[in-house]
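Two complexes, one shared chain (subunit A), two partners (subunit B, subunit C).
Showing the complex of A and B:
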C-alpha cells in the first residue's frame, strides 16, 4: 500500500517535505513493529525460562526452602553455610582437577589424531566416522559402558590385568581411580569432537606457509611449533574456553558411574548442587552453590575473552 | 621422490649417495605412514569396540558373564534380555517420550530461532543491539544454575498448579530458548544479500513474505544443521528430564536407562540390551546422514 502510494507521489512530485518525513516515519515504525513481532516468539520463552530463572536462583540463594515449601528470607545465611562447608570446596577442587586432566588429555590426543588425519588423507573418512560414534551416545549410556568396562568381576580392564598376572583392581572403591574413570569416559566421548574441530582448524593453515618453512629447512616438529601452532592459537584458546566451561558442568557421568563416591571423592560442583537441591532438601545451599557455579563460569568466560582480546591487540600492535 | 638433479651424472658417486638418501627417505616415509595408520586404527577401535563389546552380554544369560576365561561369542544366542527390556520396563514408552521431547524442542526452536535470527540480521528497530547483547550474554549460562527455578516455574504454570511436572509441555517449553540457535541463525542470515531483501521490499512484499519466500529457502542448509544440533542436544539431555519427570512412564531414554541401574543392579545382560537397543538406531541414522552430523557438531563448537 505504502509502496503504491509512494509510486504515485513520485510520479506527480506532489509530496511535500512534511508528507515525506511523515511517510518515512510510518515506514520506519512499521519496520520496527515487524522486528519486535519477529522477536516475540523467541523472547517470551527466553525471558520466562532463562532470564527470570537466573535472577530467581540469585534471589532464592538468600532464602531457605523455596522449592517445595514457601521461601523464607534469611539474608546471607546460606552463603555463610556453604563457605564453611568443606564438601563444597572439595567439590570445586575435584571439578578443577577433573577439568584440567580431561582437557589436557583430550586435547593432546585430539591434536595428534587431527595432525595424522590432516597428513594422511587416504581413507581418513572411515577413521573420522569411527571417532565420531561415541559422540552419538548420551553421557548416561557412556557411563554405563564404562561401568561395564571397569567392572570388578568381568570388566575389560580387570580381564587385561588378570591376563598380565596382576591382581584385580576395584576401580570404584578408590577415589583416584574413580575420578580417573570419569576423566577417561569423558575423554572417550569428546575425542571425536575435538579431533574434528582441530582438523577443521588445521585445514585453515595456509599450505604456502608450511611450504615456505619446508624450503627454509624447518623439520617436522619445528614447523609444527613455529608455524602451525601460532596460526592455530586463536582457535586453540577458543577451544580451551569452551572445554573449561563444558567440563565444569560434568554431571551425567558422575551420576551413572560413581554417584559422587567413594566418600565424596568424585563429587563435582554440579553433583553437589543437584544433591543439595533435590536430595537433601537443603535448597538454600543448593541455590547458593548454583549461583557460585554461574559466577565461576561467567568469570572464566570473561577472563578468556579478555585474554583473547589482549592477544589480538598485541598482534595488531606488531 | 623428485627426478635426480640434472647436474648429477648417472653412475657417479654423488648419484649413488642421492639414491641411498632417497631410499632412506622413502623407507622413513613408509614407516611413518604405517605407524600413523596404526595409531589411527587403534583409536578408531577404542572408539567403537565398547559398543560391539556390549553386544556380547546382551545376547547371553547374565550368569555367563562371570565365567572365566570369558566367553566372547555366545554359544547360543539368548534373546531373553531384550524381552525383559521390552516387557518389564517402559523402554518403548521412554523411546517415544524422547522422540516427542526432542522433536518438539527442535521444531519449536527452528521456528522461533529463524524468526529471531532474521530480525537481528535484517530488520532495523530501536534496541536491536541491546537485545542481541542480552541474548549473547546468556550463551554460557549453565543448565544447573537455572534448573531449580525452571522446576518451580513449570510446576506452577498458571492455571494448572503442579500440573507442569510429568507433562510433555512442561518438559519441552523450557528447553526451546537456547541462545546459540539465535546466534547461529543471525550469522547465517547475515549472508543473505541485503539487495535481495530490499528489492522484495520495494516490490511491496511484507516482512513475513520476504522471510518465507526469500530468506527461508536460502537458509535450508543452516536449518538442517541447527535442527540436527538441537535434536542431538536434547537426545542426550539428562539433567532437565531427570528433574521434571517423576513417574516411570514420563521418563526419557537417558533417565530411564540410568534408572535401570538401580532396578537391575547386577543384571548386566538387561542393561546392555537396553544400551544396544538405544545405540543401534542412532548409529544407523548417523551413517545415513553423516555429512550433516559432522557439520552440525562443528556449528555447536560454540556450545560446550
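Showing the complex of A and C:
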C-alpha cells in the first residue's frame, strides 16, 4: 500500500461529528451492556431482597396488617402510635448507648492490637487466628457463652470477683450491667474482624512518610497522630459507617442473653421491631419502627460522610 | 365423616387381621360412590362432595393425606410421647402426621411466618394468649360453626366440655380453637427442708407463705425460702394472675374494652409478690436465677417452695429427687379466695388448610380420651371434657394420685384468661410492670400506673 493510497483511506474513514457521536455512544452502550450483564447476578437479589422489601416496608408502615391479613391503609396511625410508645424512645436510647459504647471500645482495642501485630510480626498469625475465631461462632453461641461467663454462681466474672474479695454481681438483674454484658459480648465477637481490618489499613501506610516524620524528629505517638491517623481516615470512616449499621441492628445477643430485660433496659430497636411484628402481630407498628431504623442509619451514614468531607475541605483549604 | 369424627376414640386399630386398602382402592370406591349417587336423582348435589365414610366400613379413609402438625412442647420427651399416642390414629385413618416442635420462645415468629405462607400447619396448638390474635387475622378456622363444633353429630361430645373453657376462649361469638387442656400452677415444696426449718403447717395464703419461707431462709447455707418466675421472659404474669383473681379483680374489664391493671386489689397482689424479694428477702433477686435455674435449685434441695406448673411433676419423678416433696394449689389471698389460674390450650385448624376434614378428625382425636387422657396424665394437665380422665396412668391402669389432685385443684377453682386479639401485648405490659416493681426500679403503684397507661394505649390502637 502506497502513502497516497493510505491518505485516501484515512480520508475515507473520517467521520462527521454526528457519526462520531453515534459510534461513540454505540461503543459505550456495548461496553456498558457487558458491565451490566456482569452485575446482573448481584443486581437481581439486590432488587429482590433489599430494594423491594424496603419499599414494601415503607408501604406497610402506613397500613394495618399486611402479613397475616390483607393490608388496610391507615395513614400515619402506626407512626402516631409508635411515637407515643415510651418503649420505642427507651429502645432508641438504649441502642444509641450500646452502639457508642460498643463501637468505641472495639475500635480502641482493635487499633491497639493492630498496632501491636503490625510492630511484632513474629508469630502474629497465631494471634490473628485466635482473635478471629469468635467471629466464626454463631451469635447464639456467643450469647450462651456469655451467659455462663456472667452466671451468678459459677460464672467467670463472679469467680474473679469473689477471689478478689468483692461480692458477686447479679449481671442479669441490673440494667447497666446487663447492657454492658451485651457490649462486651459483641466487642469480643467483633474484635478479630476489626483488628485485621485495621492491621490491613496500617500496612498500607507508606513507610517513607513515617521515615520522613522520624527524620523530622517526630516521636511515636506524634507520628501516629500526624501521619498514620490522617492516612487511615478514609478507612476509619468506612469502619464507622459499617459499625453503625451493624450495631444499630443488634438483636441475637439481646435475644439470647437478656430478652430485653431486666425491665426493658436492654430492649434495642430491633428487639422492639421483632416484638411488634412477631409477638404482638402489630405489623404496621413493626414496619414503621423498621423504617425509622433505616432512616436513623441513613442519617448517621450521611453525617459520617459529611464530617469526612468537611475535614477534607478544611485540609485542602490549609 | 362426622360419624367417624364423633367417635375418634374408636379410631384405634381393631385387634389383628384388618383389611388394608390402598389409595387406589379408596379412589375406586370413591369414584363408585360418586357415580352411584347421581343416579339416585335427588342426591345429585351431594354427590360432588367428598364421599362420606364410616370408620367401621373403610379402614384408612384418609390414606394419602399428610397433615402438618405443630406444637410448643410441654416436655423434652414430647415428640416421642406424642408420636406413640398418634400412631394408632395414623394407622386407622391413613393420615400421615408430620410433627414440628415449635419452641415457646419463638412461637410467635414461627407461627406468624408459617401462617403467612401458602401451606401453613394444618393443626397446631395455641394458648388463649395468642389464639384470638391469630384468629382475628383470619388465619384460623372458626370452629363453632355447623360444619365443625356445632355439627349435630358432635353435639353429645360438645356437651361434655366444661362450659367455662368454651366461654373464655370465645371472642365476639367466634371460637378459633377447640379447648384441650387446662394448665394451672401449683406450689411445690421440699418436705425435708420444711421439717428442718420447723414449718409444720403448709401455708394456705400469701402471708403464711412469707412466714414459712422466712423460716426456711433462716436455715442459711445458700437455701432460699421461695421462688417464682419474676421476669417477663419467664411469663411472670402467668404466676401472679391467680392472686389478682383471689383478690376479686382482673387485668381487663369484663367487656374487654379497658384495662384494670391499676387498682388497690391488683396492687396488693403485686406488693405481696414483690415483698418476698425486696422486703422479706426470701426469694432470689430478679435476674439471679431464671425459671429453669429456680427448678434446678429446688431439685438440688436449695429452695423451700417453688411456684411452677404441674408439668414439673413428671420431671421431678423422673429425676428421683433426693428428698421428699409434694405440692399444693397456689396460695390464696389473706381473707380472700384461693383460685387457680391458667391459660387454656387449644387445637386450631388453619383456615388455609387443604385437608380440613382430616384436620378436624385429628383435632377431635387430640381432644378425646385416647390422646388427651394419657397426655394430660404425663404432663399433669387437667381435662376440659368430662369423659377425659387425665388421672389414670395408662401403663398401670391405676389412678395417678398426684395428677388427680391437680385436677381437683383446677376443677374446683380454675379461672381462665379472657381471650382477645391484644392479650399477648397486654400480658407483656403487665409482665413488664411486675418486673419493674420486683427489681425495685419502680414502686408497685408507679409500675401499675405505667402499665395502665400503656395498656389503655394498646387497646385504643
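To be clear about the criterion, the second predicted complex is superposed on the first by the 255 of 318 C-alpha atoms of A that agree within 3 Å, B and C clash if a C-alpha of one lies under 4 Å from a C-alpha of the other, contacts with A are read in each partner's own complex, and residues count from 1 in each chain.
The working rule: a contact is a pair of C-beta atoms (placed from the backbone, for glycine too) under 8 Å apart; a residue touches a chain by one contact, two chains touch by 3 or more.
Everything numeric in this text was worked out from a predicted model, so none of it was measured.
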In the superposed arrangement, does A:85 touch subunit B (first), subunit C (second), both or neither? second
In this superposed model, does subunit C or subunit B come into contact with more residues of subunit A? B
Quick one: classify A:67 as touching subunit B (first), subunit C (second), both or neither. both
Touched partner set for A:38, first subunit B, second subunit C, both or neither: first
Applying the touch criterion given at the start, work out whether A:104 contacts subunit B, subunit C, both or neither, answering first, second, both or neither. neither
Between subunit B and subunit C, whom does A:148 touch in the aligned arrangement: first, second, both, or neither? first
Looking at the overlay, what does A:245 touch: subunit B (first), subunit C (second), both, or neither? first
One more residue to check, A:264. First (subunit B), second (subunit C), both or neither? second
Answer with first, second, both or neither: which of subunit B and subunit C does A:274 touch in the superposed model? both
With both complexes overlaid on chain A, does A:130 touch subunit B (first), subunit C (second), both or neither? first
Does any part of subunit A touch subunit B in one structure and subunit C in the other, and if so which residues? 67, 274, 277-278
The residues of subunit A that touch subunit C in their complex are 65, 67-69, 77, 81, 84-87, 152, 170-175, 178, 258-264, 274-275, 277-282, 285
Under the touch definition given earlier, write down the residues of subunit C that touch subunit A in their complex. 105, 108-109, 112-113, 115-116, 133-134, 137-139, 231-233, 285-290, 421-422, 424-425, 428, 432, 435-436, 439, 441-442, 450, 454, 457, 461
Residue ranges of subunit B touching subunit A (in the complex, touch as defined): 33, 36-37, 39-41, 43-48, 50-51, 53-54, 57, 65-66, 68, 70, 111-113, 115-116, 118-120, 123-126, 128, 131, 134-135, 138, 140-153, 173-177, 179, 182, 202-204, 206-208, 211, 232, 235-236, 238-239, 242-243, 253-255, 257-258, 261, 268, 271-272, 275, 278-279, 282-283, 286-287, 290, 293-294, 297-298, 301-304
Please name which positions on subunit A make contact with subunit B in the complex. 1, 3-4, 28, 31-36, 38-39, 41-43, 45-46, 48-54, 56-57, 60, 66-67, 109, 112-113, 116-117, 119-120, 123-124, 126-141, 143-149, 151, 153-154, 156, 159, 162, 188, 191-193, 196-197, 200, 239, 242, 245-246, 248-249, 251-252, 255-256, 269-270, 273-274, 277-278, 283, 286-287, 290-291, 293-294, 297-298, 301
